[in-house]
Each structure stands twice: as C-alpha cells, then as structure tokens.
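Okay, got some structures for you below.
You will see subunit A twice below: alongside subunit B first, and alongside subunit C after that.
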Partner chain A sequence: MTTAAALFRTCPATGLKVHLPAQGLIKINAVTAIVFLLVGGIVALTLALTRWQAVHLLNDEWFYRMLTLHGIAMLVAWIVFFEMAVLYFASAILLNTRLAVPWLAWTQYVLMFVGAAMVAVEILLGRADVMFTSYVPLQADHWYYLGIILFAVGAILGCVVFFATVNAARVEKTYEGSIPLVTFGAAIAALIAIVTLAHGAAAFIPTWLWALGLVPMMDAEIYRLLFWGFGHSTQQINVCAMVSIWYLLGTLTVGATPLNEKVSRSAFVLYGLFIMIASEHHLLVDPGLSAAHKSWNTGYFMHLAVLASMIHAYSVPAATEVALRKQGYTKGLFEWLKKAPWGNPAWSSLFISLVGFGFIGGITGVVYGTEQINIIVHNTLAIPGHFHATVVVGTTVAFMGVTYYVLPLIFQREVAFPTVARLQPYVFGLSMYVVCIGMIIAGRFGVPRRSWDMNGVDGPFQVSFDPIVDMALAVTGIAAVVAVVGGAMFCAVAVGTLLVGKKIEG
Partner chain B sequence: MSIYAVKPGWWNTPVHREEKIWIGVALVWCIAITLIMPVWHVVGDQNSSQEYYRISGDNYAALTDAFIEQYKVGEVQGIAVVAPPPGSDIFLRGAQWQWDPILKLTQGATYRLHLGSVDMVHAISIFPININFEVVPGYDYVLTITPTSAGEFRVICNEFCGIGHHGMIGKLIVDPA
Partner chain C sequence: MSEFDREEHKPKGSFVLIMIFFGTFALLYFLNWKYLTDIWKIG
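On to the complex of A and B.
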C-alpha cells in the first residue's frame, strides 16, 4: 500500500487526489502545447503583416509556407496537445483515480511529438506547400503525411487511455454516483475524436501511399469529403472540450453549480449524436453531392447540435449568475455581473471566450453554413474570420483561462507576473475580436482567403477593392499584432511561472 | 459543482421554467434555419447547382478548346475572348494559374456555364458580386446562370492551387441587353 500511496498527493485547494504519473503527463502535454502556441503565434505575426497590404512582409513562397505551418502549429499541435492534458485531468484527477496504462499515455505523447515535429520540419524545408487541407492533386513529400498519421495515432491512444482510466475509476469505485459533468463532456469529446480520427486515417493513409507512388490518386472530391470528415469534426472536439472547460471555469472561479445536470448532459449527448454530421458545409458549393444530401448534412439533423450550444450558452452564464447572487450580489439585474471577479484572468477568459464564441463564431458559423449563403462567402476571408472566432476566441481563450488554474493546481506554483496575467485575457481576447470582425468585413467585400496578394500583381488583370477593404485589413493587421503581444504575455506568464513562480507546498 | 461526481437522482431534478422557454425558442429557431435551405430551392433565385458529370482533365480541355475555336472574337493578354450565343453551353477552364477563356455574355440571357479544372482544385469567385463555386478536377460542374447586371467582372481563384495562386485572375464581360 505504501508504494501505491506514494503515487498520489492530495490537492490542498480541491481535496482531489492527484496521481503523480497523471500529473507528469498533464504537465508535458500542456508545456508542449504552449511551445507550439508560441511557434504558431510568431508565424501568425508574419502572416498578419503580409496580408496588411501596406506592410506586405513575406514573399509569396514563404507566405504560403508560413500559412501552412500556422494551421498545423495552432489548429493541430497547440489544441490537441492541450486536449490530451484536459483528457488526463478530467479522468484521473477529477475521478480521484490512477491514470490507467501510463506507458500508453507516454506512447501517445511521443507519437504526437514526433509526428508534429516531422510535419513542421517538412513544411519549413519547403516540401509541403499544400496548406492545412492538402487537397489532392497538390502533393507534399510522403514524410509529411506520415507525420500527420503518427500524430493522429497518438491522439487515438490518448482517447483510449482516457476511457481506460474512466473504466478503472468505475471498477475501483473511486467516485460515487455519476461522473462529474466536466468528465462527461470530455468523454463526449473523446468519442467524437475517435470517429474523427478514423476519417483522418481514411483521408491520409491512401494519400500517403499515393505520395509514395504505391497507389493511384484518390478522387479529388472524395478526398475533400473525407478530409473534412476529419478537419471539421476536429473542431467539434474543440467545441466539446471548450464547453467542458467553461463549466470547469465556472466552478473554479465563482463556485458555480450546473443549473440542471440533466439539461447540460443531454446537450452534450446532442453533440455526440449530431455534431459529427456537419462537415459537408465545406462542400456546399462543390460538385459531387446533391442539394438534399448537403442540406441534410449541414442542417445537423435540424441543427440539433446548434441547439446543444444554445443550451450551454444559457446554462453556463446562468450558473455563474446563480453562484454570484448566492454570494450576495443581488441588487438589480446586473450587480452580479459588475461584481464578478474581473481581475481573475480565468474568469475574464471564460466570459471573453463565451461571448466571442457565441456572438461572432457561432452566429457566423450557422449563417455561413446555410447552403445558399455559402455561395457568397465560400473561400473568402470571412471564413477565417468565422473560425478564428471559434478556435481562437473560443477554444484558445478558454484553454488559456484554465491554464491559470492548472499552474497552481498541477504545477504547484503561484502564477508569476500577476499583473500581466490579469491583463492578458483582455489584450489577447479583445484584439482577437477585432481580428475576426476585420476579416469578416474584408471577406464580405470579396477578399479571398489564402492569397498572398489580392490585387493581382502577378496576374493578367488587376483587381481593385472597395477602400473599406484597405481599412479592414489594416485594422486586422494592427489588432493581430496586439493579439500576438497578448499571446506572448500568456506564454511569458506560463513559462515565468515554471521558472520563477513560488512553489506551493502540499 | 461540475468537477465532482453527482449523487444518484440528478436526472429527476425539474428544469426551471426560464430554461425550458429558452430551449423551446432555440429549438424553433433551429428548425427554421434548417428548413430555409430546402425552401430556398423552391422560392429563391440563387441556388447551388446539382448538375455535374465526371470527366478527365484532357477531355475537359478538349471541350474548352472546341468551344473557344467556335466562338472566339478576339484576344486580351494572350487569353481568348469568346462571345457565345444566348442559351448555349459555355466553358470556363481553370489551370495553374489562369482562367480561360474570357467570356463575353449578354445581360438577361441564360447560359449553361461549365466549370472544370485540368490540374488542381480551384474555385471561382466572381468579383465584385461575390459568387463563389469550387472547381474540382475530374468534374464538369454545370451552373445555369443568367447575368442580371452588365459590366466587367473579375474571376478570382480563391482556392489555394500552388505558389502562383494569387495571380490566377480572369475576366468576365457582360454586355447590356
């Protein structure tokens, strides 16, 4: 028993038992995630300064190369490494149990790290100028595809470890009743992840074999269908993980209790059942699929997954309101909101993430995913405007917010540079609001996404845009620089805490 | 608390009235935005096409060449200008990194516009009216179009198709009726 007990410590703040091997894995995945965030952020700066036409920093070749790297470093590496940390936290820590099969979890880490590093090196060597989507017949070096496959296999192993841990907790009775809501949400995210990664295998394994010259090329439209079964559904994992983090932050910051477990859990089940079928909204203006097929698929079966988000959009802030009113902030309609802990970066992150995800990302997502409206926005800059509001303002800000608790609870250090930490969500989150809105405006005037130069300097004809576009892109560029500063502030606080943060005993 | 296990019986906690109203309103809205897609196919003027055929890049190129030869009226920047009669089948070809030919159409007339690629995935964006469609190699994608405004438009490629992608800009002319 002594050896088993030595593997645990008790968290003085929450009373939860912390399994030390789980803690080590949470740490390494989170740190790696933040390193990729740093890389992706530096790359983002070069991109914003190129699309801001007055600066136009990079040449065409390096612009497309950096754009490919930005997508991989942020959307794949930063978010998925962090999600692995979330999965291990939501299983081993919240269920008071041991992380099942730690060696498998280490295999997850090694595979994902090797895969991400291979992909990054291939891109930097100029052997994979294919964008995040790598639509065939564009072809990258075969090592690029292998890197993505290794990364995906690692992520699947992480999900397996998660479910094995939940099962171990159930068998060993380390909790009573039903698993916590946060763990439930993480479980739905992990289920979506497994289905998603299967689509990734279907898209990338044949493409890898094609790059090796072993099989003929897959049909370009079928590749697009399979790729988005992976590429978009991955974002649904992010949504699910982000909403779980919202509930977690509500509890950690103001002691919120879910209004109704039945409603919140049912909403997660709606994600599990219906959010998977929406990926054809990337193909709304493609040949190859009937309108009935597209409407059915992108309608999320009557938008029931959107309904789930609408439910969370009510129950998360309402739960925090109830908690704050219980603390005595009962005057008028909004005293609770005024007296909320706005100086706590985790709380401000929660609100910035919630409001930005819903009002910018969610609304544009539903509108642009409508078949006929998609005709006027497809592949314009409005699309990156939409998804930066979901994955950056939504997921990334939520993940940053929870980091302010992961540092003391898991790394056992007080957050360093508290003033920087207090300001960071505002600097990063609010400037990202502006970045998203700037891109959406430019896109609505027809500015294409993924274009080094929209004016046609290298083409037979020139294009002149409405002057509003110049202003929108300049504002986007300036706001992006501020956002990169906000991202750097986050990295400085995280790294500073690890290096010089005061140790917390316990 | 969302971080602790919940005791049995949680399923039977009643849902607050306000929350029920919210969910009800949201559900009605969700159904409405889903139905707008099929309904617009009946009542709307601008819908995506459901007509497409599989075709090899070589065959699509041959069709486009024949079309250009038949209706060519001039050349701009080395790209053929083509003036097909109203009601005809017209072809636009995407290739790294050029759209050809330059189509010269008549306002108010209806055409069957064929879109195809001979190499990568491309996408057309008719600027400045912002109409966007994906152009996928292996497919002949047919849109039935009626230009409603006259003028000179740009055809911008807005799907990344290699390093020269941003130079892939074509022209479309609509003469007043």
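On to the complex of A and C.
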C-alpha cells in the first residue's frame, strides 16, 4: 500500500516538499509547452522571412496558414500549458502540500493536448485559414472550434485543481500566515483565466454550432466583443503569471523579499478588477460601441491596471536591489546592478523581461490603447511590435528564466550546456527587443499587420512606403532569425537537460 | 534600527531607474499626442 509520505520527496537544494503526482503533471505540462514553443518558433522564422520583403519566403496561402498556427502555438498553447505548470508549482510545491484531485489535473492535460493537437492539424490541413482571431464571417472547419473549446475546458479544470489545492493546503495547515505572494499572484491569474475562458466559451460554442450548420449566422460585432474577452484576456493571465514569476525569480536568484507585500498584493487585486477591461482597445474603431463606452474603458478603468504594473515595476527591482545591497553591494546608486549575477540565466531573464516589458511593451500598450492615439496605429505592424514585447520579451523570457530553476527542482537534473544557458537570455531577449522596435517603426510608417501583400501588388491599386520601411523590415527579419536561434538554444538546453543532464539525487 | 531601514540598503538605484521609466513614458505619450495633432488637424 502506498503511504502518503511515499508520495513526497524533499528537494535537497531548496528544502521544498515535492508532491510526486504534482511533479509529474508539472513535467508533462512544461514539456508540452516547450514542444509548442519549438513549433511556434519554427513557424515564426517563416513569417519573419516573408514579411522581410527582400526574401518574401511563403506564398500568400501558406503565409496566412502559418500566421494562424503561430498565433495558436505561441499565444495559446506554449503559454497556457506553461501556466498550468506554474499553477501546480505555485500551489502544491510552494504550499508544501499535495496536489488535490490529480485525476482532474490529468483530465486537464488530456483535454488541452487533444484540443491543441486538433487545432494544429486542422490548420496544417488548410481547413482553418482564419488566423488567430478567426473573425466571423471567416469560417473554419467545425473541428477547429471544437479543438479550442476542448483546450479551454481543460484549462478551466487546471484552475479548479489549483484552487482545490490551495484550499487543501489551508485546511491541512501546510503553511503559516497568508499564502505566499507568488501563489497569491497565481491565484489572481487563475481567476482572470476562468473569466477569460468563459468568454472563450461564449464566443466559440455558438461559432462551432454555426460551423456545424446548426445556427444560421454569427453577429460579427458580438463575436468580436466576446472574442476579445478571451483573446486579449489570455494575455492578461500572462501578465499576472509573469509578474508572479518576477517575484519568484527575485527570491530564487538573489534572495529578494517584497518591500511591502500588502502593496504588491493590492496591485494584483487591481489586475483582477481592471485588467480585463484593457481588452476593449481592440474595439476602438468598431462602430457598434459608443465613444463614451470606449473612452471610459480605455481612458480611465484601464489605467487602474496600469497603476498595478507601475507598482510592480518599482517593487520588483527595488526588492532585488535591497537584497543585493544587504549582500554588501552598497556603493553608489548602481553597484548592486553591476555586481548582480548576470551569468545566472534566471537573473538575466528577469531583468531582460522586466525592462523590455516595461519600456517597449508597457509604454506602447498604454499609448496605443488610448482611444484617440489608437487611430494612428490601428491594424499596423506597430501593434504586433507592442504585443511581442509583452508576450515574448515579457512573459516568454520570464518563463524561460524560471525553467532554469524548474529543471533541477522538478526534473532533478543539473542544467545541461551551462555556457549556452548563460548566453541564451541575451541572444533571445535582446534580439526580440530589436524585432519589436523594428515592427513598431515599420508600423508607424503605415505598414499593415497580417498582410502578405503590403504593397497591394495584386490589388486594384498599389501602395508605396517610405524607404525606411525596407530597412526596418530587414532589421526585423535578421533579428527574428537571431531570436529563433536563441529560442533553439533554450529548447536545446531544456531537452539536453532531460536527456543528458546529470541526475540530482533527493 | 533594523537592517532594512539602514540608509545604504534603501533602493535608491531602483528609484532612479523608475524615474527614467516615467520620463520615457511621459515623453512618448506627449510625442504621440503631438503626432496626432500634426496629422489630424482640426478646422
């Protein structure tokens, strides 16, 4: 008979009690996430080499097909599978408890995997060339929508398991005082996820019925409203999870503790209350909503979520600064920064993520999300420039950084190829800075997003751009190639660790 | 006095960094409004 104690092991490095069923689920979700990252990265290379006008790799059909696959693989599969791993880690591992209802967690995994695989196959078979947004009246095969619904249901189950685990820890008193800040942030992320996925169900279940021929027509405006409650809000889950990871990385790398936990927790609550409203900026040029409605949501309420980001933007680096100053790096304003462990890929990931998210993704997000200014950049390449800074430079780099701790703790292996690991955040993160800035510059000169034929060569009239656009797109393309190399370095370290990493006992 | 309250442990560098961030934010916000007024003239 298996005893409860036999289901746990203690990590020799951190002292954390690791529930073995939770460990298995963290592993499988993280590995699947990295597989989708690899797929999305390869596809990203083809897209970057197509938007680089001098190369223009794919034909129009495959460009839109790959654009759809890239969006699904990166924005949905890589991120949400990894977030499931984060939720199980932040609950079972950080609270020293058992994962509640592991069978439900396995159901989460199976549903999400089957759903994501169905969607990917449908796209590759050319039956869903509708891009990530799948705006009606564009119609994909009904299996595509069913795949997304299965994926969303699976993710909801993951959130349920997370809350059940936190409750089990509370009842069994496996922690003292309040839950850790990282778990608190993950809980807010899970709450946002449930609301987000409910929007996804509201958007995709009727669309699925429409694709089956059971519903005559979908209202395009209502679809857009519901879709963005899902499509952008999934990125708000990322922001919340990413900030939680920032705090975790601060603790793991330099032993930082938040300067004021109550303020940091309040900032997470602001995310929970207001960040969903930021989705409204996708609808700023839609005719069905009033100007007052748009202005209140993007001009006022959204800024309460921005305030939360401002709090974290100070709190995270300040916490690491205090920790490093306590280690003796007290000279001047920046000795702590100079002497920080820049050779630790988790630390460099934290800072590259923090700075890139704030300076590129955050500022452009607030500026472009303002109703009046949005009209300058709406549907231009500047918008992908903004969200690659948030989702790739911000979230993905942070997730990569925490992986360097997850590998020894959960997979019980020393990180393989340490030199590659040390360089990886710089190669990937800094080249992505250039990709984002290149897209923003091209967008500010009017280059449209999601367009294979930006010059209108096959259209009724041709469009020409300032010559600087050619340079911006070329620089973007070159930097994207380097970023894909950086992504491949991450996958090589992760896979290499699993295959040849030295086993850690304990 | 706790270690946290000691002058040399206060996060002065982060304060400078965040001020640079605020300054960049305000400048880019202003430039975008300025650009909007240039391309979308009233009257």
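The criterion applied here is as follows: the second predicted complex is superposed on the first by the 501 of 506 C-alpha atoms of A that agree within 3 Å, B and C clash if a C-alpha of one lies under 4 Å from a C-alpha of the other, contacts with A are read in each partner's own complex, and residues count from 1 in each chain.
Simple rule for what comes next: contacts are C-beta pairs under 8 Å (C-beta built on N, C-alpha and C of every residue); 3 or more make two chains touch, one makes a residue touch a chain.
In this text the structure is predicted, and so the values were computed from the model without any measurement.
Of the two partner chains placed by the overlay, only subunit B lies in contact with A:Asn379; subunit C stays clear of it. By the document's definition of touching, of the two partners only subunit B reaches A:Pro180; subunit C does not. Once the two complexes are overlaid on the shared chain, A:Phe334 sits against subunit C while remaining clear of subunit B. In the superposed model, A:Tyr314 lies in contact with both subunit B and subunit C. Of the two partner chains placed by superposition, subunit B and subunit C are both touched by A:Leu259.
Shared-chain residue A:Asp141: touches no atom of subunit B or subunit C.
Contacts of A:Val366 after superposition: both subunit B and subunit C are touched.
The interface of subunit A with subunit B overlaps its interface with subunit C at residues 259, 314, 318, 366, 370, 372, 375-376.
Here subunit B touches subunit A in the complex through residues 1-8, 10-11, 13, 15-16, 19, 22-23, 26-27, 30-31, 33-34, 36-38, 40-41, 44, 46-50, 52, 76-79, 97-98, 115, 119-121, 123, 125, 127-128, 130-134, 136-141, 154, 156-171, going by the rule given at the top.
By the touch rule above, subunit A contacts subunit B in their complex via residues 14, 16, 60-61, 64, 94-95, 129, 131, 133, 135-138, 175-182, 219-221, 224, 247-248, 250-252, 255-263, 283-288, 290-292, 294-295, 298-300, 302-304, 306-307, 310-311, 314-315, 318, 366, 370-372, 374-380, 444-446, 448-454, 456-463, 465-466.
On the side of subunit A, the complex with subunit C involves touching residues 259, 313-314, 317-319, 321-322, 325-326, 330, 333-334, 336-337, 358-359, 362-364, 366-367, 370, 372-373, 375-376. Residues of subunit C that touch subunit A in their complex: 3-4, 8-18, 21, 24-25, 28-29, 32-33, 35-36, 39-40.
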